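Two complexes follow with subunit A in common, the first pairing it with subunit B and the second with subunit C.
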Partner chain A sequence: MSTFNAIGVAASGVTVYRKWLDAVSDNIANIDNVTRTSDKAFQARYVIAQEAQDGNGAQVGGVALGSAEGVLVHEPDNPLADTQGYVRRPDIDLGSQMAQLMMAQRAYQANLSVVDRAKDSYTAAINLGK
Partner chain B sequence: MFNDVSSSALRVAVAGLSARQTAIAQNIANIETPGYQARKVKFEEALSTAVDHGASPSSVTPSVQNSLEPSRLNGSNVNLDEETLSHVDTTMRYQLTLRALDSKYSMLRTAITGG
Partner chain C sequence: MTSPISPIGALGSVPGLDAVNGVGGAGALTGAERSTAVQGPNESFASMLSRGLESVQASQAKADDLALQVADGTLKDPAQYTMAANEAALGMQLTLAIRNKAVEAFQEIMRMQA
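So, the complex of A and B:
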């Protein structure tokens, strides 16, 4: 256990939710990618949070990938369209990505305010005996 | 001189509140961890029983229990409102306890230096 343990624990949470935010923004940035039907669609990434191995905070346990199948869309004018006029687009729901974004953002803020309050406690402890 | 009941009770309280502070940080860090069970640190009852019965407060160690809150859909049962309030409360108690400890020490310092 380090001296300023609570700050380290909250920092690990901040890192997890920053990665989560990165993953969601990447998913949204690629939401309209178009690929040939012979290729895979863009796969959304979902961060899986996990309790840290040493029991101090959280960590990213892994990443789950969305469907490589995507959805087939009829766009005959698209230069990537196959002979039947289909292209592949990722199967990502913007609404659910926005919900994830908000959730990760709030969790990020919650962890940062823990750092803030823990700092007040540690400052009081440092000033003991002055 | 440093091991009177009130000093050691205050030291145990500081240790307990510090453990609670870390547990709350741990719970908030794992708020979206699937299957995570929130932890609660308890020491007040044991400390007050020890003081009431004239036992040494320094034998009291904080105990960690899993929270009995209902789990959310992802299996985590961290309640952010409760954790936040409890953290504010813990921070203030911690500072109050430190202030009390500080007054004990300043009395000792007065005795040592002769005012």
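So, the complex of A and C:
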């Protein structure tokens, strides 16, 4: 609890959504990873947002991982394919990731505009005393 | 309340100005602190101001640190730096506003006719 608390609270939100953006970009970057059927598929990362312990803002509680099984795809031409011609691909939906990307981006911007408004308000309060 | 400029010390009892203590991160004034504020107005205001300055300096040091991290590319989120810089600037403005107000009050009293 500092003097300019609203800025700190909004900053915690900014950090959470930045981590979500990082997770989504990681998921999209790895969406086409192909692995052997004997190996694990790339596991999508999902950020768990929760209330901060001191009650001021939000924090990242942890990261949940998506399916390690992924999906089996028949690609006999792929050098990684097994004897039946299958490879493993991550079970990530690009549409869902793009929607999450938009949500994270807008929420990041919303928190930054909270910082901006808070700064304006505090400046107005300080100017009142000048 | 014998000192001519004790009204400046009384500033500490104005609810809104508890923010000065907030700058110090020390929370609200305790009863004892308030009474010393009335007894020794000059000293108490000076210590309030210096506490405020210390915390402003701390927030500026934090902003400087983050600026360094931005420069060498170790900071993941540039918004962290801009927000810290904003906070440091606001703290500086608040401390300055209060200091100017106190000096203004002092000069007002000095201009009084005998």
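The criterion applied here is as follows: the second predicted complex is superposed on the first by the 130 of 130 C-alpha atoms of A that agree within 3 Å, B and C clash if a C-alpha of one lies under 4 Å from a C-alpha of the other, contacts with A are read in each partner's own complex, and residues count from 1 in each chain.
In the analysis below, a contact is a pair of C-beta atoms (placed from the backbone, for glycine too) under 8 Å apart; a residue touches a chain by one contact, two chains touch by 3 or more.
From a predicted model like this one, the values you see are computed outputs, not experimental measurements.
Of the two partner chains placed around the shared chain by superposition, subunit B is the only one that A:Ala6 touches, whereas subunit C remains out of contact. Once the two complexes are laid over each other on the shared chain, residue contacts for A:Gly129 go to subunit B and to subunit C alike. Of the two partner chains, neither subunit B nor subunit C is touched by A:Arg36. Contact with subunit B, but none with subunit C, is seen for A:Asn56 once the two complexes are overlaid on the shared chain.
Within the superposed three-chain model, A:Leu112 lies in touch with subunit C and out of touch with subunit B [touch as defined at top]. When the two complexes are overlaid on their common chain A, residue A:Met103 makes contact with subunit B while staying clear of subunit C.
Using the contact criterion defined above for the overlaid structures, shared-chain residue A:Arg45 touches neither subunit B nor subunit C, since it reaches no partner. On subunit A, the patch touched by subunit B and the patch touched by subunit C overlap at residues 1, 7, 10, 129. Subunit B contributes residues 14, 18, 21-22, 24-26, 28-34, 36, 80, 84, 87-88, 90-91, 94-95, 98-99, 101-102, 105 to its touches with subunit A in the complex. Interface residues of subunit C facing subunit A in the complex, by the touch rule stated above, are 19, 22-23, 25, 76-77, 79-80, 83, 86-87, 90-91, 93-94, 97-98, 100-101.
Subunit A makes touch with subunit C in their complex at residues 1-4, 7-8, 10-11, 14-15, 18, 22, 112, 115, 119, 122-123, 126-127, 129-130. Touching subunit B in their complex are the following residues of subunit A: 1, 5-7, 9-10, 12-13, 16-17, 20, 48-51, 55-58, 103-104, 107, 110-111, 113-114, 117-118, 120-121, 124-125, 128-129.
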